[in-house]
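Scrolling down, you'll hit the structures one after another.
First subunit A sits with subunit B, and in the next complex the same chain sits with subunit C.
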Partner chain A sequence: MNEEHLKLSKDLLSHGVGVIAAAGYINNEGGQAIADAAMELMGQGCGTLLIDLEGTRIINSIGVSILLEIMEKLLEERGRLAFCNLTPTIAKTFEIMGLVQYASIYPDRQTARAELGIQT
Partner chain B sequence: MALGELLRLSEAALSGHSSPHLPEDVLRVVVEETRSRGGVLRLDGRVLARWPRTVSQQVEDATEGWTDLSFGGNDSAWLLRLLHLERFDELVAAATRLTLRVWDLCDELKRTRFDERFHLWELEAIRSIATSIGGILDRSRVAEELISHLVALLGVRSAHLYLGQEAASAMAVAGFGAPVLGDEERGRIWQHGLYSDDVVALRLESDAGTIGLLVAAHKEARAGTEPFVANDVRLLELFAVQVTVALEYLRLTSESLERERLRQELEVAAAIQSHLYPQRFAEFPGFRLAVRSIASRHVAGDTYDVLVRNGFLIATVTDVSGKGVGAGMIASGVHAGVRLLADEELSLGKLAGRINRYLVGATADNRFATFVMLRMDREGALTAVNAGHCPLLIRRGDGSIEEITSGGLPLGILRDTEYPETSSRLQPGDLLVAFTDGLSEAENPAGEELGVERVAAVIAGLESPSAEAACDALLRTVGEHTGGQPLQDDATLLVVERVG
Partner chain C sequence: MEVVLHLPVVPNVELVAAKAVETMGGALGMKRNRVEAASVAVVEACLNAMEHGGGPMVVRLSCEVEDTRRRLLIEVEDHGGGFRPETSSRAGSTRVLGCASKRGWGLTLIRELMDEVQIRSQPGMTLVRMWKYVENGA
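On to the complex of A and B.
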């Protein structure tokens, strides 16, 4: 395994839709990197945030708590949070930890873009 | 105005999605409402908010005129400090307390819910170890799955699994992050494991003994790392048990599959061997043949063959030392040798000599084969070679028994052994009986062998002598002698009857 460090990219699309692609271990450092990217996108007007976790196999409890904080922040701003490309293990984790109650889960980015109305 | 704003903040707190700055918002409303110069809000001694934000600790310490309002609730101690307050309406004070307690309760509820869900996650992770590795028979893949679960569950930066019965021979089969223990350190802790603030290493113990070491290191906190606590060790111990069970399951499943594969291969080998036997005997007018062959394992070390070449009936019975596949392969080699050489104008003695030389060079030192071969014309004139085998028995029509005993060493022992031929003749009504020692050495429950004499006596005592009758009578006698127990060795019986 060589996935200790998170690789991250972010993009602000039209209509206030932001996409963060994160691959690697979502721990305190990885989670914070995602949170920083999310705050930056929200500061630029992002109201709908899609986090693509293709390439992420492991997330620990601190990573989950940071994602919950991002979700709360978005809800506070009346925004939306969505995830795509979750491994079955991570999908189960999100279900148990309550993320799926307020965030949408899509199988892949194409489906997510279609469902969220993201223009290509 | 202030009441309305405090109620709005209460509602926000109740929604569960209030801003983390809510205590500051409350303090700001109170400071403005009371026309104070500043305020500080503490919970259990911890500063939650300062308003304005410029009211630092130094400012707080250096100024006088603070009014302290303490209130409890939820096992917490609140302290609201206001600097030079001008007025304080009791209704606003009540709303302030209510809002802050609601916020605190909701926050605590959120933490409790997170902890509760995290425990569910722990259980799910432990459960999913079994399901996620189900069907995976690649040990390294299983190990990686296990390490992934461990990293997620414990929130560690490093986790490694070493498998082996001893430290010196243990191999790292999966890992995440940088290893924290070198070879020497692993050797030192192999017997007792390691429990420290930063590293926990647990031995994996199965019924067969130590099978490996599970190492986890550097447990993460929100900022940096924190020491492992008793609950982490308990969780890791639970995990180690799961890992051990998973690996033992994998080992047992692999062994079971390997056994099944070997069984299938043995069945294939047995099927191949069964096709080497004559499916039906070649026509040889004036003679009838009968055979019985019992393998003590899937593949027999006994073999027999009957063929007709150049007007002669050729019959062989071979018994290779040992049992199972190895013996069966040598028996098949002898079988093939006879078939290939039978067409050549060779005496039986020379034919046996050639097969012997082949076996001497092609088999291990402890492998040999006893062998009996006969060649007979249509008038019953026969020549026979007996290489270390049980005697060939000839039952005459009057019930008397003649023996053709061994005239040479078994095949495969000495390269230059000579095999003398014995000549005789089968008269109409005579039987010729060839058998392996699995028959004559069949033991009764007391460990007594049936013996060649008993075999001869059964043949001699046949009331209606025929090839089939001889086979049936001998097998019946063997069954009675052994008490119906399976034979310990392969047994083969070939009878040639010259029809009267």
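On to the complex of A and C.
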């Protein structure tokens, strides 16, 4: 099944902005892979993290709970967390679990880049 | 139309149930957003069954008609120790940050993402029954 393995890429842009693109199933392993990438970017000076979930259609609450931990760490460092390209179900899941109270949600990467002031 | 899956406890087996929901929901003409909501709900039900059921689970999918409206019925059955459904949902998202445990969202998500949910649980058998209407109606 294509969704089973998470495809992940990360990039540290200028001004401490990091972007993680994740496509696939966000379960405990997928969530941990995103967390590891986030920690690496934060270690390199990333204070604003954008997670692009284009290509992710299935998540579970264990994976989202790991995303909550990333958010907690970023907020401890006075950082910002944002998401883009969420399906309606994933957006609703984030809302139910409380991520949207602390993270910004954008419809697509272009909007996110503009709103976060990310240079192209 | 009915699908019955006997699923062992192996990593990511919940995706088999999600794929079955996707296929059956699509065959019924359910819109993608509704199929995805039902898929996440069945994933959560399977994870609960695996975590608390202590063994293989059975997932049944079927189509029903309720007051002329078609709906997908998803049942997830396990044979674990059971629990008290009325005391098992998280109260809300207000105290997420700072909590040592961020787990325990499964039943809350199931209830929010599905149109109707019934849970029967006793020692030896838990049955989660959940419905998603094909069309989003009033």
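Here is the rule we go by: the second predicted complex is superposed on the first by the 119 of 120 C-alpha atoms of A that agree within 3 Å, B and C clash if a C-alpha of one lies under 4 Å from a C-alpha of the other, contacts with A are read in each partner's own complex, and residues count from 1 in each chain.
The rule is short, and it goes like this: a residue touches a chain if its C-beta (ideal position, glycine included) is under 8 Å from a C-beta of that chain, and two chains touch if they have at least 3 such contacts.
Because the structure is a prediction, the values reported are computed rather than measured.
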| item | value |
| --- | --- |
| Fit-or-clash call for subunit B and subunit C when the two complexes are aligned on subunit A | clash |
| Touched partner set for A:L75, first subunit B, second subunit C, both or neither | both |
| First, second, both or neither for A:T93, with subunit B first and subunit C second | both |
| Which superposed partner A:S61 touches (first subunit B, second subunit C, both, neither) | both |
| Subunit A residues touched by each partner, larger count belonging to subunit B or subunit C | C |
| Partner chain in contact with A:Q101 - subunit B first, subunit C second, else both or neither | second |
| Colliding stretch - subunit B into subunit C, listed as 55-63, 235-243, 379-387 or 433-441 | 235-243 |
| Touching both subunit B and subunit C, residues of subunit A | 1, 3-4, 25, 27, 57-62, 65, 68, 72, 75, 89, 92-93, 96-98 |
| Partner subunit B, residues of subunit A touching it in the complex | 1, 3-4, 25, 27-28, 57-62, 65, 68, 72, 75-76, 89, 92-93, 96-98 |
| Contact set on subunit A toward subunit C in their complex | 1, 3-4, 25, 27, 57-62, 64-65, 68-69, 71-72, 75, 87-89, 92-93, 95-99, 101-102 |
| Parts of subunit B lying in touch with subunit A, wherever the complex brings them together | 17-19, 113-114, 117-118, 120-121, 124, 128, 132, 144, 147-149, 151-157, 174-177, 220-224 |
| Residue numbers on subunit C that touch subunit A, as the complex places them | 12, 14-15, 18-19, 33, 36-37, 39-40, 43-44, 47, 92-94, 96-98, 102-103, 105-106, 108-109, 112-113 |
